[in-house]
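Each chain gets a letter, A, B, C, D, E, F, G and H, in the order it is written, and its residues are counted from 1.
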Amino acid sequence: MNKELLSQVLRQVAAGEVAAEDAARQLQVMACEDIGYAHIDHQRSLRKGFPEVIFGEGKSAEQIAGIMERMGAQESVILVTRVDPSKAQAVLSRFPQARFHSEARMIVWETAPAPVQGRGTILVLSAGTSDIPVAMEAFLTAQAMGNHVEKVIDVGVAGLHRLFRHREMIANAMVIIVVAGMEGALPSVVAGMVSRPVIAVPTSVGYGVSLGGLSALFAMLNSCSSNVAVVNIDNGFGAGYVASMINRA
Amino acid sequence: MNKELLSQVLRQVAAGEVAAEDAARQLQVMACEDIGYAHIDHQRSLRKGFPEVIFGEGKSAEQIAGIMERMGAQESVILVTRVDPSKAQAVLSRFPQARFHSEARMIVWETAPAPVQGRGTILVLSAGTSDIPVAMEAFLTAQAMGNHVEKVIDVGVAGLHRLFRHREMIANAMVIIVVAGMEGALPSVVAGMVSRPVIAVPTSVGYGVSLGGLSALFAMLNSCSSNVAVVNIDNGFGAGYVASMINRA
Amino acid sequence: MNKELLSQVLRQVAAGEVAAEDAARQLQVMACEDIGYAHIDHQRSLRKGFPEVIFGEGKSAEQIAGIMERMGAQESVILVTRVDPSKAQAVLSRFPQARFHSEARMIVWETAPAPVQGRGTILVLSAGTSDIPVAMEAFLTAQAMGNHVEKVIDVGVAGLHRLFRHREMIANAMVIIVVAGMEGALPSVVAGMVSRPVIAVPTSVGYGVSLGGLSALFAMLNSCSSNVAVVNIDNGFGAGYVASMINRA
Amino acid sequence: MNKELLSQVLRQVAAGEVAAEDAARQLQVMACEDIGYAHIDHQRSLRKGFPEVIFGEGKSAEQIAGIMERMGAQESVILVTRVDPSKAQAVLSRFPQARFHSEARMIVWETAPAPVQGRGTILVLSAGTSDIPVAMEAFLTAQAMGNHVEKVIDVGVAGLHRLFRHREMIANAMVIIVVAGMEGALPSVVAGMVSRPVIAVPTSVGYGVSLGGLSALFAMLNSCSSNVAVVNIDNGFGAGYVASMINRA
Amino acid sequence: MNKELLSQVLRQVAAGEVAAEDAARQLQVMACEDIGYAHIDHQRSLRKGFPEVIFGEGKSAEQIAGIMERMGAQESVILVTRVDPSKAQAVLSRFPQARFHSEARMIVWETAPAPVQGRGTILVLSAGTSDIPVAMEAFLTAQAMGNHVEKVIDVGVAGLHRLFRHREMIANAMVIIVVAGMEGALPSVVAGMVSRPVIAVPTSVGYGVSLGGLSALFAMLNSCSSNVAVVNIDNGFGAGYVASMINRA
Amino acid sequence: MNKELLSQVLRQVAAGEVAAEDAARQLQVMACEDIGYAHIDHQRSLRKGFPEVIFGEGKSAEQIAGIMERMGAQESVILVTRVDPSKAQAVLSRFPQARFHSEARMIVWETAPAPVQGRGTILVLSAGTSDIPVAMEAFLTAQAMGNHVEKVIDVGVAGLHRLFRHREMIANAMVIIVVAGMEGALPSVVAGMVSRPVIAVPTSVGYGVSLGGLSALFAMLNSCSSNVAVVNIDNGFGAGYVASMINRA
Amino acid sequence: MNKELLSQVLRQVAAGEVAAEDAARQLQVMACEDIGYAHIDHQRSLRKGFPEVIFGEGKSAEQIAGIMERMGAQESVILVTRVDPSKAQAVLSRFPQARFHSEARMIVWETAPAPVQGRGTILVLSAGTSDIPVAMEAFLTAQAMGNHVEKVIDVGVAGLHRLFRHREMIANAMVIIVVAGMEGALPSVVAGMVSRPVIAVPTSVGYGVSLGGLSALFAMLNSCSSNVAVVNIDNGFGAGYVASMINRA
Amino acid sequence: MNKELLSQVLRQVAAGEVAAEDAARQLQVMACEDIGYAHIDHQRSLRKGFPEVIFGEGKSAEQIAGIMERMGAQESVILVTRVDPSKAQAVLSRFPQARFHSEARMIVWETAPAPVQGRGTILVLSAGTSDIPVAMEAFLTAQAMGNHVEKVIDVGVAGLHRLFRHREMIANAMVIIVVAGMEGALPSVVAGMVSRPVIAVPTSVGYGVSLGGLSALFAMLNSCSSNVAVVNIDNGFGAGYVASMINRA
């Protein structure tokens, strides 16, 4: 339920085109709809400026499509995260305008392009080639939420000259998302170079004591640079979301 | 080394009042000074908009005072965190203009009031009475960095009406810092109410499976609200710092 | 061995219809039967008011059916938990009156409907769509044990208005089972609203630092609301069982 | 704010003895009072049938006394948990009618004896002598909340005949609280004997792999008896509270 | 290399039937043979009274057969543990006299029956049906090492009367192996009944906070009964082995 | 209640010197005595061949003395473990014949020397000087329980020639207790040399990743030698106890 | 970019064969090449004496081949680690001169044999047959980096005479790599025998409390021998690499 | 027992100055001396090129002095680590030539200066001021073992220009010891700059998720630079020791 839709209903009531009782019923459904296996929070885009995002893991293609259908009636951008290719194919057969980004395992369905809402550029940096899926999830989320986004891939701390080549781009970003697995050192180094907030995303890339990303997570939370805040392991979506909130004018 | 100081030196060179060689030597010291037990990074306020902050734990009163002295020559606001009362007393005997906030265990030394740099208000919420020290560390840091800051104490999720009384203040904040121990649920609830970034700070308050704050930390990283980013346990300073970066115009 | 059956045998002895020695032998088998791969505790329904429940995981379809057969001779309700569809099919081919609930992975075999034994309503709440299997396990268990049960699905803390819509139902329940993964915050919020016992069930839903449900578990044990007790991760059955014990008149 | 007090105010308004505006102001304070370092939730006894309990750890004697004073105006029973002897002495010098139970580290202040509200007896069992403080916290809490409570101390599983001597008392209890450290086996054994809910409390008693009570906690959550629910390590208060909720008629 | 074989070689040298140099060479091979992927420790049966046991996991059927061949030349009993059925079939096609016990995933190859070496009976108890594979591994190992062994299955602590039915057998055993998953309480209870050593084997049976057997392991190490010693999770073989060492006359 | 005492009472009844009812009452007290803060299990020495041992930690000197007094009426050897010097002094002032071993923090009170019950020698080995307290606890326990015990201190794996000097003593022991902290490697090495059971005791000696003894514990449970069983961290008493059970003729 | 190549370009510039601008462009590509999914660090062999190694896990065969192609233009030895057989086949179809070592899951592509750069011999020891893959990864890495390498397999601490047979080879090595799973005791024992650095590699071999290699890792870090340094679990490559650095003349 | 001493005894025997039997007895004591609470390994300096080092923690001043006395008869350099000031004073009162370094908590006793044995320079880098004690332990150990050592303090990754100022010194070192707490990122960055082995030492500096140094340790073991090997948390001594082994000519 975006502001447009709400204003429209209220104008209709004011104009006497819709009875108050009918409008009330209509608004109640618009606010929160119970479809058996989910309570769809249509109020969210009013309250938070962006509709609820569908977490695809643990939901069937049918459930995903059902929720998309209900949300599509009210929203112009819908995101589904953590979708595997076969589920995605099933969903896209019903929503052919939606697009599946296999690298990031995301479905993006835009009925209208998101207007740019951000103040500046969000930059996504990744430490290694294997961190690409998480970095792309952050990239696509931030883009779908109306931001100008750029990315630089594979600039880990074992060869800092690769990072320093992009020094200017780093200095000019409004928010920086840094994605890294293994020892999780990149956010500390990047944050030491700038006066902007850095959102660190640990990934589960690694083996042995990488502990499925816990080592990178703990390293990032212990960062000796103070302008670092952290999200859950592999949570590219969350990083893109919170970065959008920060970048919003 | 703030911008003022740097410009002044350069103007003197330009005006012929200072020889180029002398200015070079002077600038080199201003950039990074080795005082035996520490490398003071005077460039930091240039690079990051705020000087290095002194982490008091594990440093003697003498070491703290030594670093303050060197930094005081170039900066107008100096923060020292995690100082116990006896150390604080020793330090303040040398810097009587500095002020010790015992609740937050911080020393704040302002030779000039920090100009307000933030776009809006930073709000600090705490879940319980025992979280006050961490909340105050966040509050004082954000204030010292030139922000308008407000705080509401003891509004945990076991009695949500206490939180809802402050709904408006929450809706109007630019950034919200939420401090909570035990089950760490407050950031999820608050973040669900707004479209602004929430910086969550887990505290070590609790016993048994609170695991020194790890339970609260993990809960916050698992937040079902997407506009939450997290800092280390008890890291009120970091939360205040990153919130300032976000709030900066 | 329910009370009915025991009384019947004793009446037969009293009436001289059965010799004491024969009755003794018969009662001994009824108390505890050794069938090679299991000791069936027939006394349990006498001692605890409900027969032993068969934990399906790690047992073959044949073993499950074997135990059901022996128990069926003495009990009117038999539950099997954690059964996958193929095992269920094999079991149901021998007990066609039994019913498989695929969502909850449970077999319920009632030869007679369980008489309602509870004082009031047991309410099952779940935080998300993915928690449905665990919530259904709790729901079916409580129902099979003779309780009036209701459920509300997908009312997590990121949109509290969804929860508050059901405020009355929550206030009227005798016991509330709250099922949640990720940050596990829902039990604290619900428990803060009522003066009834809340049984919290953490689920393994989530990724990264959800740690297979440990984060939700720890959050629930740390609840700042005091009327919360907790069962093992994904243990919907246990929650339904203990809630039944509480609700029993 | 108990029901009595609320009714009295409303009767005065009805009788014209108090102006509506004055009553409104008075009721607002009665609902939730902000005293700087705490938001006192006076509504709690209305909502939950028992006033907020003061967690003494991390609060000064002065803060405790301040909260007691505000609550004492409205409640007839006030509990303070986790108070060390010196703090207790300071508090009792201001509230001489209150009583300090040193074993349980609790202050109980009853201006009127709590009317018995429970349906039956709550039984507290402890596995060892060292578990006494936690067992006593549970005992005193349940008693203060208006229950008939009994206790049996030091009946661990290494000598089951000690437990079996009390078989009848166990069979007759409405709710059983079982307190145990080390291997945490007692709740499973007790729960196997009865058809009533068992609230298990792990304690931090032990060394080495007792891991501060985590081993006992995990054992209890893994109980092969299904009528067991668990509270946090050393949380005798929580066990007494939830048992009271269960026992309430 | 058992004592028989060694004595025989030495007798041949003494009798002049074999040259000293040839005997030396022969004995050296008999002591420790390098077959590329393994150093076979033929001395072990001399040193420890039982030959090396082949740990099947992570070895190919070919490697297992290769080692069996070399050992078979010198030993009369050979054990292979942790063999899956397909590997077992491949191995048995080369050693048709060997026998595969699928429940315990063990191959036992006896060219001659092991003479009874134990002083008394070793009793294997298991807490549940799912613990059978580990219990059988212990049973078969102890049997192959020349002991009289008995077993009782599914006598967990939730129904102690099942255990007490076997009280006499328990009292008469020389060593007791207790196998249990979940809360791991059975060893404490059994050990409290006897004055014999109890070897506890935690199993990985369970879910959630069973943590793959860690909870049972920790509970057993924390046993309040002092005659309990513990082996690794699922290590039925080790329990059978150490019990044999204890039982040896 | 040892066998002597029991036989005596029964003989008196048989001789008509004591009435049956008086004997019954007397025996009941002898079996299990409730002294408020403890249930003393007098039956234990009948059931297990050795009286209950008093765990001193968390008990006051008064409680310890109280239990000793009751036990002293029936037993000839009483052990108290984990007693600090000041408590010990208070206890010994009441039982001057008892002896305090400060190194092992144990009180041993023998009214008559324990008759040797063991088949052979129990050998206690320790890896380092800092493991001495735990090694001594094992040594004294085994000695008090009627065994011939020897010990060798500081023979860690970093200099194996120190261990090999004692090869013969190791080969001749009936049971070997191996005490080690840090990497916990000594039990594997010793167990590889003999065909007798090895009881491994991890100690909390070390720093960093010694994790309070968990690393040593885990190493010992993973031992590649199969004749190793393990007790809790720092549990010298348990090792001495279980070794005595093994050594008993 | 090895020294040869760099010198050649510079010589061409000096000889006027190549224009300075062209050389600059050429050198820039040679230093760091961005191929979309990776930043290839061609400078590494200049800076570190050995080219970047390709970590195969999480990369497609196509990506691996793409990186090999770019690197092959400048380097004479290329390593790819953690390649499964099917990926390896796809890669080798494009680089038929490269060789796949299936045991170690490595591809080694040498266009010219690596000149021996090491001062002495690197010796690789493994504790068991299952540790072979990790040991071989270390062996092949050290060999490819120009060292003389030897190996001894399956010499665990449960039969030390197997190790002592190779005493001389151990004494003569310049660096020793010790690979072990389970209790991880071998490095301590080996390090106690020599005055050379020992690089310990824990493996994930084991079950139960081996915790995927964490137990072995912690044991090695706790080694009572001081000449031990440790690399990540299963990191044979890292051990070979750091041993080469140490051995380099 | 250094080589000098051994040769001297042998020369005396050869010259007939000492009888063979007397020499044998003398050499045996020189090899391994049992002084009750310790087995002194005099052979170690022969075997490993440096005498045993005394770990001071958990030893009394008297024990330390006793061991020093025995070792002093044969060695020219003796180190004692982890000594607190009061113990140090007691020890130095008996060995006035020894020197206590309070910062590093070490006693160094040199009767003759250690001859330089190293090939090049060992460089010690520390990330922060609080890491100084561990860095100094490494520094003094390496120096006492006959190396040329340099150090640079407080060059963490949040301000890389501080590190880069020392680029040349880093490039010229033979071995580099990097000491860091918190996120432990420094070793990766330094190792990326050089082709020499880096020994990483995690410290317990930090709070919250630093987990007493585990986070830094895990980060270091996960280093994306391959020339890093790691020692235990706070183990400056071990780092100095292993670096000496590497540097030895």
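Convention: a contact is a pair of C-beta atoms (placed from the backbone, for glycine too) under 8 Å apart; a residue touches a chain by one contact, two chains touch by 3 or more.
Since the model is a prediction, treat every value here as computed from it, not as a measurement.
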Next item on the list: Find out how few touching-chain steps suffice to connect chain E with chain H.
Entry: 2
Next item on the list: Could you work out which chain's C-alpha centre is the most distant one from the centre of chain C?
Entry: H
Check: Which one of B-C, A-H or E-G makes the same contacts as A-G, at least in over half of the residue pairs?
Finding: E-G
Next item on the list: Calculate how many whole Å lie between the centre of chain C and the centre of chain D, each centre taken as the average of the chain's C-alpha atoms.
Entry: 28
Item checked: Inter-chain centre distance, chain C versus chain F - centres from mean C-alpha coordinates, in Å -> 44
Checklist line | Overlap residues in chain E, where contacts from two or more other chains coincide | finding: 158-159, 193, 208-210, 214, 217, 221-222, 232-233
Note to self: If we use the touch criterion from the header, which chain pairs count as touching?
What the structure shows: A-B, A-C, A-G, A-H, B-C, B-D, B-H, C-D, C-E, D-E, D-F, E-F, E-G, F-G, F-H, G-H
Item checked: Interfacial residue positions of chain G with respect to chain F in the complex -> 127-128, 156-160, 182-185, 188-189, 191-193, 206, 208-211, 214-225
Item checked: Footprint of chain H on chain G - complex, ascending -> 47-50, 53, 193-197, 199, 217, 221-222, 226-233, 237-238, 241-242, 245-246, 248
Check: chain C touches which residues of chain A in the complex?
Finding: 31-32, 36-39, 41, 43-44, 55, 57-59, 63, 202, 204, 212-214, 217, 232-235
Notebook entry, point to check: In their complex, what parts of chain C are in touch with chain A?
Noted result: 129-130, 132, 153-155, 158-159, 161-162, 165, 205, 207-210
